[in-house]
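Sharing a structure with you now.
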């Protein structure tokens, strides 16, 4: 019989506490962001070679459904950053680890608090509950740059 | 399958005594030494010792080995052999310093020396008042001794056979030639052929129902020796520690009283003032345990129940967290009681065997009153009876006993092995144990061993406990014999070979039965009260007739035959014992 | 190894001392990467969070187009900002991915294969991203305007 | 006495292909230890149930096992804290010898690999080596270890890689690295400055949560990491 347990499956069978969940989430968000980042870098680099292609590709982002994915990315980076800061702070002042549960909760709460307004700003416009962020600035800009793809609708 | 190994020296038991001997043996590089232990060495019950190890270092106040010796003699109710006690107290200072050099993290005094605290029965100027003599590492001194010795065994490259249970000792032509061990993981028998064997298998508190002892403390060493014709000394002297956690028996160290905790009865009265006006709560253990029993009998147990309070509330959170952290943890875990704010419910708990395999000061097993030794056979630690504890052991003196006599036996063994040759093995050395284990496995249906064990423990607790009298002890004897008969038909449910702890528990039960019988017989025989042996029908000490050690031998027909051995008295004439 | 084989090998004594754990050759690299993860992480808090806030909350994804990007990139400062962001994030992420691969893929051959693929993908991405940012010539884009 | 159901993972390599769970109902007081309940199964229902135990009060480290998913000492958890149905499994990451007994040899090998003993070759003084109360305090926490393996077998880095030296070994190295009497801190730091040493730790804290002695293990590991970094400079 294969008695050794391995990796992720094992982790999910063990009833860990805050630290383990934070670590799992840290890992998941880190890998998720990396995956997104690879696509994002390549697609953005395309601007240099073919702005048209870039503008095409952007349509995907503007799909309302994709707004939730963007929110997830925002959350991922934010959680990873805040939790990562917790780890770094603990590493440099180990005595803080005596309060690790509290610190982990604090990190979680900071993330949630930030996510509340961010979620509103990013998602409410999809349901017409608020204006798109940066609309005012965008309109001002479109006065000058009427040819810019994002301004075409506005100009019409 | 039977395996054979050859060594110069074997140590049976990886507790404090065994490992100390092993360290000294391993310093002699010409000897092949191995430690055989049924538990991983760090699981030994030495790790449970809390309060400290006694040594007249005088780090905090004046103290002398002679005072220590006086206290030990008095504590023993004058039954201890005074030459051995003098040796122990003299070497105490040395051996504690040695432990420190090995790395033991003792608690420290403000000027960086080993910290010391008062302990029951330890006095200055021969009984004038408590003295700080117990060297401690918070309340885990035994744990630190065990770890430190294990660490040093690793450092010295000692060979260990972990989870090998010794089931027989081989005696041939009047000397010891090795042991037979059962490998727990595989069920194989191993013959260890050697020039010498040191039995350091610890205590056997599991003959009682309320005990501070581990499940593993089943007295395998003394029982195996007994069955091979070695006598056991002073088995009637079994110490009940005054403060065990109610119902569980888990020990609350005397260190709590050393730090200033007090016992209170149902009225909140500090009753020890009545029983021991000078030492009060720090009188010796037999005295305090009896006082608690007396209070309970007279209806002053808490709510009339069988426990009293140990009150440490006014020591303050700091003392408790710093000096008694494990005790605090036990109370919180097992009782849901925080000793900082509430008193702890305690009752006396079976704790320590003063008796055991008789040895001289070099750990050589001695079988009669003329000092005849069995060449190559040694014993050390709680298993042995040197006798430094006599009728009652003082707190902190057991850890001391382990290291002092562990060391001395190791040194003597090394000398012995360099001279001696390997004796010849008896014919078919595994026959007896193999047959016994086969027999146990072959019983198809019958009583579970656990039921017998429970009945044994309850009987011993009730009739051979803190207070004893003729009638009860006779009943106990009858009961033990009945259980021995029923033992023939106990059933081992696990018939496999691998890690068969069911089989081993059944085998250990036999040891408990044999030791209980010897304990009861020795107690029944001694018609006086001395130290921990307190008879209601003979309430006084009787030096005229009973200032002598008991030697109990198992007869061929299974009965117990009693013999005696004189007590060595050097400088302290027996006196009445008041605290 | 089967359990039986493991257990049956036990008739031998355990000896103290002298036990050698195979020593990894890459010890210094592990310290370096541990340290790099913390330092790059701290730098990334500034870069990545600013980046997110700028594009998601200040500009708004709805208003994104090639023009906006090009305008921003006209400023060398923001190009440098992005070079740093891409470099740190990808290297940090790459090392993080290495941690996961080493944890979850234990078969040696497979591990090397997966590492090769992941390292290549990330490094190629890094080259593409940085090359685009460094060779970007704002002048050539003013025509679109 | 209320009934409690113990759901125990059984595995006898002599007879079983793979582990199975078996359920036992026992009478147990809320203040009984889980170990007491397991004992009562072994003693009166099924003698073949196999586990290690000795001291029964959390001091010997024999009976670390997974109780309701997390590593605990069976003798240090009371029935009232686990509910009416308890799941009991062996420690993860070591080979199962039988039922709840796992092969501890690799664990002790890890322990031995960090020079877990005081090294000081300067001649010993007549009396004790002195050590201030503060110097003693620095490594107090890590002297409490009872080598129960609850920490190492709760660590995701260890599950992933059995060569990781593991939190328990680091704890025991810490105990000597920070002992003012010891002279071999550099050697131990060198041993732990390794991909299978402290750098494998991802500060998951499972070890700290599992430790029955409440040793702040991750903190100790952090202190060792810092010591390595500052000694490298």
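Residue numbering begins at 1 within each chain, and the chains themselves are lettered A, B, C and D in the order written.
In this section, contacts are C-beta pairs under 8 Å (C-beta built on N, C-alpha and C of every residue); 3 or more make two chains touch, one makes a residue touch a chain.
Keep in mind it's a predicted model, so treat the numbers as computed, not measured.
Asks: Write down the chain pair with more C-beta contact pairs when A-C is set against A-D.
Replies: The comparison resolves to A-C.
Asks: Work out per-chain C-alpha centres and flag the one nearest the whole-protein C-alpha centre.
Replies: Centroid comparison flags D as closest.
Asks: With centres defined as the mean C-alpha position, give me the chain A-chain C separation in Å.
Replies: That gives a centre separation of 16 Å.
Asks: What whole-number Å value describes the gap between the mean CA coordinates of chain B and chain C?
Replies: Chain centroid spacing, chain B to chain C, equals 60 Å.
Asks: For chain A versus chain B, what separation do you get between their C-alpha means, in angstrom?
Replies: Roughly 64 Å separates the two chain centres.
Asks: Centre to centre, by mean C-alpha position, how many angstrom separate chain A and chain D?
Replies: About 38 Å separates the centre of chain A from that of chain D.
Asks: Of all the residues in chain B, which ones touch at least 2 other chains?
Replies: Those would be 154-155, 185, 498.
Asks: Mark out which residues of chain D touch at least two other chains, giving numbers and ranges.
Replies: 13, 95-97, 108, 112, 156, 160, 202, 225
Asks: Which parts of chain A, given as residue numbers and ranges, touch two or more other chains?
Replies: Touching at least two other chains: 1, 3, 6-7, 87, 91.
Asks: Quick one: in the complex, what on chain D touches chain C?
Replies: Residues of chain D touching chain C: 13, 95-97, 103, 105, 108-110, 112-113, 156-157, 160-161, 163, 165, 191, 193-197, 199, 202, 225, 228-229, 232.
Asks: Which residues of chain C touch chain A in their complex?
Replies: For chain C paired with chain A, touching residues are 2-3, 38, 41-42, 44-45, 48-49, 52, 56-70, 73, 86, 89-90, 93-94, 96-97, 99-100, 103-104, 106, 121-122, 125-126, 128-129, 131-133, 135-136, 141, 144-145.
Asks: Of all residues in chain D, which touch chain B in the complex?
Replies: 12-15, 31, 33, 42-44, 46-48, 50-62, 76, 78, 97-98, 101, 104, 108, 112, 116-118, 124, 126-133, 135-136, 139-140, 143-147, 175-176, 179, 181-182, 214
Asks: With touch defined as at the start, can you tell me which chain A residues reach chain C in the complex?
Replies: Contact set of chain A toward chain C: 1, 3, 6-8, 27, 30-31, 33-34, 37-38, 41-42, 44-45, 47-49, 51-52, 54-55, 58, 61-62, 67, 70, 74, 77-78, 81, 84-85, 87-88, 91, 118, 121-122, 125, 132-135, 137-138, 145, 147-151.
Asks: Provide the residue numbers of chain C that touch chain D in the complex, in ascending order.
Replies: So the residues of chain C touching chain D come out as 1-4, 6-7, 10, 14, 16-17, 19-24, 26-27, 29-31, 34-35, 99, 102-104, 106.
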